Every structure is written in structure tokens, then in C-alpha cells.
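Going in written order, the chains are labelled A, B, C, D, E, F, G and H, and every chain counts its residues from 1.
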Amino acid sequence: MELTIYLAGEIHNPWRNEIREEAVGLALPITFTGPMEDHDRSDQIGEEILGSQLSKIAKDEAASSINNLRTQILLSKADIVIAYFGEQYKQWNSAMDAATAIAMSKPVIIIRDEKLHHPLKELANKAQVVVETPEQALRAIAYIFE
Amino acid sequence: MELTIYLAGEIHNPWRNEIREEAVGLALPITFTGPMEDHDRSDQIGEEILGSQLSKIAKDEAASSINNLRTQILLSKADIVIAYFGEQYKQWNSAMDAATAIAMSKPVIIIRDEKLHHPLKELANKAQVVVETPEQALRAIAYIFE
Amino acid sequence: MELTIYLAGEIHNPWRNEIREEAVGLALPITFTGPMEDHDRSDQIGEEILGSQLSKIAKDEAASSINNLRTQILLSKADIVIAYFGEQYKQWNSAMDAATAIAMSKPVIIIRDEKLHHPLKELANKAQVVVETPEQALRAIAYIFE
Amino acid sequence: MELTIYLAGEIHNPWRNEIREEAVGLALPITFTGPMEDHDRSDQIGEEILGSQLSKIAKDEAASSINNLRTQILLSKADIVIAYFGEQYKQWNSAMDAATAIAMSKPVIIIRDEKLHHPLKELANKAQVVVETPEQALRAIAYIFE
Amino acid sequence: MELTIYLAGEIHNPWRNEIREEAVGLALPITFTGPMEDHDRSDQIGEEILGSQLSKIAKDEAASSINNLRTQILLSKADIVIAYFGEQYKQWNSAMDAATAIAMSKPVIIIRDEKLHHPLKELANKAQVVVETPEQALRAIAYIFE
Amino acid sequence: MELTIYLAGEIHNPWRNEIREEAVGLALPITFTGPMEDHDRSDQIGEEILGSQLSKIAKDEAASSINNLRTQILLSKADIVIAYFGEQYKQWNSAMDAATAIAMSKPVIIIRDEKLHHPLKELANKAQVVVETPEQALRAIAYIFE
Amino acid sequence: MELTIYLAGEIHNPWRNEIREEAVGLALPITFTGPMEDHDRSDQIGEEILGSQLSKIAKDEAASSINNLRTQILLSKADIVIAYFGEQYKQWNSAMDAATAIAMSKPVIIIRDEKLHHPLKELANKAQVVVETPEQALRAIAYIFE
Amino acid sequence: MELTIYLAGEIHNPWRNEIREEAVGLALPITFTGPMEDHDRSDQIGEEILGSQLSKIAKDEAASSINNLRTQILLSKADIVIAYFGEQYKQWNSAMDAATAIAMSKPVIIIRDEKLHHPLKELANKAQVVVETPEQALRAIAYIFE
């Protein structure tokens, strides 16, 4: 059995690397996918492909239509979604990805510092597992292969 | 034809009243539902029903399980979801409710100030309509009845 | 038993009236819905609600997001879709509405002049019934109530 | 990850070749499928297999039942649908294929000249991405693999 | 609670009357629907609405497209399907209706004489209840209301 | 808004009455349904309708096919399922009803004494709310109507 | 692309061989599945595995539960179902398999002699393609691979 | 064709080995999955990954969230579920797994001693096959490959 796991959320800290390295260390047959991690490229992708847009909102719309194309395909192929929430930024697309996966009956593991629990409580209640570190998330996955 | 509309998001400003009053003014056959608008009660509902919990997180879990029961029923009965995003708070449950409705094939109207578009861009792209004021949202609804 | 029927397609000829009058004549318990039949209003609705847009395409996007909100709600509440195809215009949204209804497992009746059969042949094959006049469509509906 | 992409629409211009060549140039692991591109064969396939039919409409019905068999299988196996709209022909089956894919939760990319936007506006609003050239469509796909 | 029950199958014996009378006798809040019970009309309905067809098969196709329109609507509104199988005729549409209801997660009650069990065994195994008389079928329904 | 609630589980203690009385006391617009509460009748219903069976297992099969017909209809019409687990009996059908409702995306409230938590832990984790008394279950429901 | 095709219906004539040989002749990448073709074994499989049963009906029930297990798995893995109807036997399970596949959105090709069209007309109308010979069915399949 | 079979239920007797050995003996291409068979590890997995919890119930919740993650993934990948019921323990999670698989349209084979039929009768009625020994279950599976 091989699993595909989408790593949603926060692209400004190296949490994905911790998970990937841990998986390699345990030799787990997992393919990881996730959003474009280069923030600038993610913001520019609309104009890069479609050309200059007439306003900031039109530029955002162009970019988000292509980012969402990517996410829709990768989420649809994922067996599990791990979503990391940090303290900065709005992270509404992380919440969106996690909620979408749950509505598609895909299990979601949330990684968050304990102090973020209150604003996350409704999403945490719908997630299958809530942990505090990337390593804990990976260990929950590893348990599936035992 | 009667419609049921769930009003998701922000409970610290009177946007729901604007929508309700506008609907009454136009005599539209709409039933509005939404989250518990009393913030304290929403936070305490777990302990109110289940008694004192052992930690803040356990208290949050108890509250969110009951808030989510409410939301699950009301969302399942809604024809449309209107979600308001403001500048304060994390509002991850608003993003969750909007994304859940979209995944359930229910149309979502987002209300947000133009300056919030960037962090909302992926969710806005998945919403059916994006507006800036409650009145605009209600007018889009009124158009369905024409 | 009451039925709700969405009348998709062509808004420049009075075919909907023929169907409505026939239904009244037979005293059938049917509620008819359909697109905004005032072409101008359908084209302007985006700017009417959201204000002036920066380009013709942006204006179209604004209008279509609100027209599609309307169609999504009305299609979801319809038991049957009747789609009329004429000789003028592209009518791609009529084909879209018919195909969407079929994919939602709602039966579709197509009304078209015989000479339009060739370009419609794949859609006709997926429709439940194909007729040439509004009166024939209504008679197929009336048979359900016998 | 490998993707299967159905190329719907217009069979009288070489847009599919542009996309296929671009994909080869980028060494993307994509399998392309699409309709029978030989127009005559597509029109004759019913009589070719089932023998002579009694009328032009019966001939069309026979052909479309077999063309739709093909499309149903290929669409069901596709991850993404790219639909090209040109200025000639009714192209109702292109609109049907795009709308069917959307209703099946498969992302659709529409390629159309800017001047076709108005008649396509409702379908464009439901598509995930709208572009003007085959190359832009392929670049949006390539972004998924980055 | 009110139930709608579709009475599929055999139209050449009065089994539906037995069920309807029994339901009236028990004052159960049930609406019964079913196929066109006038065999000739069911066979002629295609030509009656669409005019004379070119062959017997074309006539059958026209009739069946309208009979299936009727069945699709009535099955979609039914809570339960009761299907009667007798000794005469092929009754392939009865088997089709029962199997369709089962695939739609609607419970099916089969009425058949014991000696028909062998050819019905796979369908009987998928039905929720198998009985020998209309009265038994109605008593199983009545139990739901107790 | 009216809700229909299926009360699954244990039929040898009066927990359903507590819930019904509490709902009446609060004037909540709820319709309660549930299994046949007369244990003997539930065991005999197969032979009562279908006549004497050849073995105890055949008798059980006959009864369960009719009990499941009842449950399938009532569960399909329920908005919420409340399932009570006690200390006696196997209660495998209670676990089945709760799991079925969860798989149908209907929220489940489990009532169980704290000491039963260990054997119920996987089902409790999938339920939306877990309480210890019928009154707590009803109060969680009442919160939806506030 | 490889296809899996379930060959439903009639097991007393060699139509499956014709299809298999034609597919081999054309070197098509197709896996064929189907029911147990040894009629006796299909009737005895219940008692063979579960031991002697108390009645003919109990024996049929045991056999059909295992035959249906087989069909459920093979149908769920099939891309297309080809169903052959002949003049003998009730063939209710063939009609059931075809209708089940249609309800699961799998395309069905019916093979029948022209003279059987009348009793098959409703099922034929729901099938994607209707042909008269196994060779025609295979040629419709071959067209998908062109 | 390869099948994946989830072996639900009882982890205190060697029934899984019998099935696995029989499958090896018959050289069937089956992958078997199932719950964590080390009871202690299954109970401790929550605290092992998430650290010490504040109460026995919190510990159970932590463990069950991770056990259910495992089951959700493995069930979603299974073609068939075999569930064994014995005389000891509550086995509510076995009933939950079987009912969940049935609701997901996956066929379930129940293994139970004849004397357990009465408390299992409703679940047995929903299962596709009911047998008394692991060997019988495997023989029903083997029949699919014939």
C-alpha cells in the first residue's frame, strides 16, 4: 500500500521538510504533494500565464484560479491531508483546504501549537487527529502501515 | 419558492441585521439561520451541558462538538450560505463553513472589504459571488426571485 | 404530487408562454422557473449590483456569477428541465444547463426544430425525450400525472 | 503523478497538436484523449456498425449513441478537461462535455478568443481557468507538476 | 410521516387494488404511484405525442423514452418500491425498476409466488423483503407506522 | 424549522420517555421515531407476516428483513440520530444504526454511562456529541433551535 | 488505457467467446469478467460452501448471496457492461445487472435479436448502445480505442 | 484482478491466520489489512504519540482518533470486509466497521457461530454473506476469482 498525502498550509517555515525527512527515515511508501511553496510565484502565476491584469483583484483572481486548479487535482488524488496552522497570516486557504478534504471524506490531521486551539476549535473537532508537531503527524501516519 | 440562508462568520458586528431588514423590506420568503451569536454562550456551551472539563482544550472540544452539531444541521438545511469576513480574529471556522458549503454544492456569497481580497483570494475564487456589502449580497439573492 | 420545471434556453421567442398556458389549460400542478428573460437585465446585473467594472470581460464575469447563482438554485429545485434550442445565437449556456441537469440525474426534454438535430445529436442522445414543439413537451409531462 | 486530460471541442483546427507538442517539449507525464477527430467517421459510425438507418435522424441517433459511449468512458477516466471554443459551428457537444465534467467535479480549462467571451460567459464562470491559447492552457497544467 | 410507494410490475392483474384497499382500510398515510396501467396507451404514447414513426422499433423507442420519463420522476419521489412478478411476459422492465430502486438505496419489497423464486433468486437477495401476497407487502409497510 | 430524530438502541429502559417529555416541556418542534419497542413483536414480526419458518435462523432472517425495512425508512428521514448504549445485551444493531447514520452524514449523539467509554471509544470518536444522560442529549438538540 | 468489461446475461450460448476472440483479433487491451458460466455450479454454490439447506428457497438464498457477492465486486470494477438477452429463460438477473450498471453511471451495451425489442424497450432506452450481434458490440468498444 | 480485504473484529483468536493461510494455499492475489492486532498498543497509541492525557476518557479519545484514522484509510482501500464476531467483549467497533462498509457499498461477509445469530440478525440481514468459519469466508472469496 502506498499513500499520497497533501501538506496544506503555512509555506514560511520548514515543517514540510521535517515530515518528509521523517518519512524517508522510516522508509514509508508515501508521496507528498502540496501548494506552490514559493509565495511570490503563487501570487504572480496568474499574470505569468495570462498576462497583465487590470487591477490587483483581477490579478488575484487570475492567480487563485490557477492555484485552485492545482489544489483541486492534488487534493482529489490525496489519501490524507495534513494541515499546519501557525500564528501569522490569515491562513483562510489552509482552513478551506482542510474543510474541503473533510467534506470529501478524506481524513485530516491538524498540526498546531496548543495556544492556537481556541480559534481552531471547530475545525479541530472535525479533523480526525490533532497534533502539535510534524513528527507526531508522521507517527500517526506510520501507525497505518504497521 | 422559499429559501433558507445560513449566515456564516463574524458575530461582532450587525451585518446580519442589515440583511434581515433588507429581506423584510423586499418581502422575500427567506428563512435565515446562523451560528450562536452570543460569543460567550458559544464558548461555554460544552461545560454548560456536559459539566466542568479538565482543561481549556477539553472545554473547547466539548463546546465545538455542540457548535458543530448545530452548524451541521443548519448547513444541511440551507440553500445558500452567505459568509462575512472582517479584519479581526482568525475566522477559521468561517472559512471552514464556506468551504464545507461549497463542497456540498451549495452556492456561497462572500462579503468582504476590498482590502481583504488578497488573503481570501482562493476562497473567493471558489465562491459563487463576492460582494462588499450585506446589501449587495441580499440583492443578488433577490434576483433569484425575480 | 407537484412538479417544478426549469425552462432553459432561448429568451427571444414566446415558447415559455405556450407551455405555461397549456399547463394552465390542463390544470397541472406545475411551478415553472427559468432564467432572467429580460436579456438586457441579465447582461447588466453584475454592474447593477457590484458597480462599474474595468472591462467588458470583467462586466461579463460579474453578470455571469449572479446569473449562475440564480440558475444553480433553480436547477437544484427542479424535477425536470425543458431546454429549447433555436437557430440563432450560440446558446452555449442552454447546452450547459441541459448537460448539468443530466449529470444531476434530472430528466431533460429538448425542444428543437427537426433541422437542428445534427448539431444537437450528442445532447439529444443524452436527453430523456426530444420533441419539436412546446406543446409536445407539455404533453409528455402531462402523461406523468395520468 | 500522471494526469489524463480530455481535449474537448473543435476538430477542424490543429489546437490539440499545439498542446501535445508543448507537453512533449516539457516532458510532462500526460495522456491526452479526446473525441474522434475524423468528422466524417464520427458522423458515419452509427451506420458503419449498425447498418443503414431509416432516416437522417435515426442515423444521427445511431452515431451519437456510439460517440457518447466513447466520451462517457474517456471523460470518466480524465483528471482534467480542456475545451476549445471557436467561431464556427454550434459546438453544443463541446458545451455539453465541459458542463458534464464540471458537474462531475473535474476541473475544466476553457480556451477561447477574447471576443467569444460574451456568449461563453456563464460557462466561463463555471470553468476553473479561462485562457486564450492552447499554450496558456498547457502552462496552467504544467504548474500542477512543479 | 407520509410515505410514497411506487408499485412496479405486472399490469394485467388487480394486485395494486388489493394493496390500495388494504391501505385505505388501515388508514395509512400512503400515496401510491406506478406505471401507466393501460397497456395499449403505454405502447402508443410515443406516436400519440410525437406522431407516426418509421418502424416498430422507432415507435418503441419513442414510447419508452416517455414511459421512462414518467418512471424516473415517480421513482425519484418514492420512499419504497413494491415490485410484483407474475408468470407471464418477460417483465424485464419490472426487474429494471426494482434494480434501479435498490441502486438508489430505496428499499424494495418483491411479491412473487413461491414457485418463481428460482429465476428471481438474485433479485430477491438484493430486495429488502420478499413476500407472496400483496397483503403481506402492505403489512410490512404498516409495521413502519406502528 | 422542524427536526426528525431517530432514537436508536436499548428498548428495555425508559430513556426515550425522558427525551420526549423534555422536548414537550421545551415545546421543541421535534418528531421522534425509533425501532419497534415491543421486543417480542420485533422478534416475531417475520413469522407474523410471512408465516412459520423452518428454523430459528430463518425466523430471525424474516424478522430482521422487516425490522431493517422499518429502520431504513426512518433513518433516511431522520435529521439526527440519538443512540443509547447500556450495559446489557450485545447491542450490535445499535452500533450498526449509529455507524450507518454517520456514514450517511447524519450527526449522531451517543448517550452512555462513563464506564462504557472504553468499548465505545471508536464509535464515540466518530459521533458528533457524547453525553451521559438523555437530558444532556436533548439540551444539545435544543441549542440548535436557539 | 485498459478497459474492464463485464459480460452479463445468457450462459447457454457461446456469445462471450465471439466477443473475446474478436478482442484478441484486434489486440484490444480488455479484461473480460462475467458471471459463473457453469449453471449447475452457480445453483449449487450456496450448499457447496454453507452445507445443506432446509428448503429449496433457502438453498437459492444461499447461492444467490454468493453469486451476488461475485457480481457486486466484478460490476464495481467494470468500465462497461455488455448484456446479452436471448429468447429463453426469465433473465431477470440480466436485467438487474444492466439496470444496476446504468444506475452506477456505467455505460451498458445491450445485444438482442431485433424481435426482442418490444419487451426490452424501456431497458434499451436506458442503455447507451443497442446492437444485434456480439461483433457489433465489440466494434463499438473498439471505437473507443481509436 | 487483485482484491484488498479488510479483516475486521476480534483480535484475541487466530481466525485471521486461517484466512491468510487458506488464501496462500489457493494462491489467490489478495492483500489483507485489518486493525492493530496488539490490543495494548491499540489502547496506548494515543498517549504514545500525543503524550500523557488528563483522564482515562481523554486517553481513549486520543487512541481512538488514531485507530479510526487507520481504519478509515484501510476501509476506503478495501474491496471487501470480512467481520468476525465472537462471544466475548462488546465488539461495538466491529459492528461499526461492518455497518460503515455496508453504507459505503462494500460487500461484507460475517463470520459467526450459529448461536450468535439472534443478536446479530439485523447486521446479518444487511451483510452480503453470513458464514460460520473463516474457511467458508475464504471459499466465497475464491469463487469470485473462478
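Operating definition for what follows: a contact is a pair of C-beta atoms (placed from the backbone, for glycine too) under 8 Å apart; a residue touches a chain by one contact, two chains touch by 3 or more.
Chain-to-protein mapping (UniProt): A, B, C, D, E, F, G, H = YtoQ family protein.
What you see is a predicted model, and the numbers here were worked out from it, not measured in a lab.
Looking at chain C (YtoQ family protein) and chain H (YtoQ family protein), the chains that touch each of them are A, B. Comparing each option in E-G, B-C or B-H with C-E by residue number, the pair that reproduces over half of the contacts is B-C.
Both copies, chain B (YtoQ family protein) and chain C (YtoQ family protein), contribute mostly unmatched positions to the interface they share, with under half of the numbers common to the two.
The distance from the centre of chain A (YtoQ family protein) to the centre of chain H (YtoQ family protein), with each centre set as the mean of the Cα atoms, comes to 31 Å. Inter-chain centre distance (chain E (YtoQ family protein) to chain H (YtoQ family protein), centres taken as mean C-alpha positions): 38 Å.
We define each chain's centre as the mean of its Cα atoms; on that basis chain C (YtoQ family protein) and chain F (YtoQ family protein) are separated by 44 Å.
With touch defined as above, residues shared between interfaces to two or more other chains in chain G (YtoQ family protein) number as follows: 65, 68. Pairwise, the chains that touch each other are A-B, A-C, A-D, A-H, B-C, B-F, B-H, C-D, C-E, D-E, D-G, E-F, E-G, F-G, F-H, G-H.
Chain E (YtoQ family protein) meets chain D (YtoQ family protein) in the complex at residues 54-55, 58. In the complex of the two chains, the chain F (YtoQ family protein) residues touching chain B (YtoQ family protein) come out as 1, 3, 79-80, 105, 107, 109, 128-132, 136, 139-140, 143-144, 146. Touching chain G (YtoQ family protein) in their complex are the following residues of chain E (YtoQ family protein): 56-57, 60-61, 63-65, 67-68, 71, 85, 89-93, 95-100, 102-104, 114, 117-126.
Residues 31, 33, 36, 45, 49-50, 65-66, 68-70, 72-74, 76-77 of chain D (YtoQ family protein) touch chain G (YtoQ family protein) in their complex.
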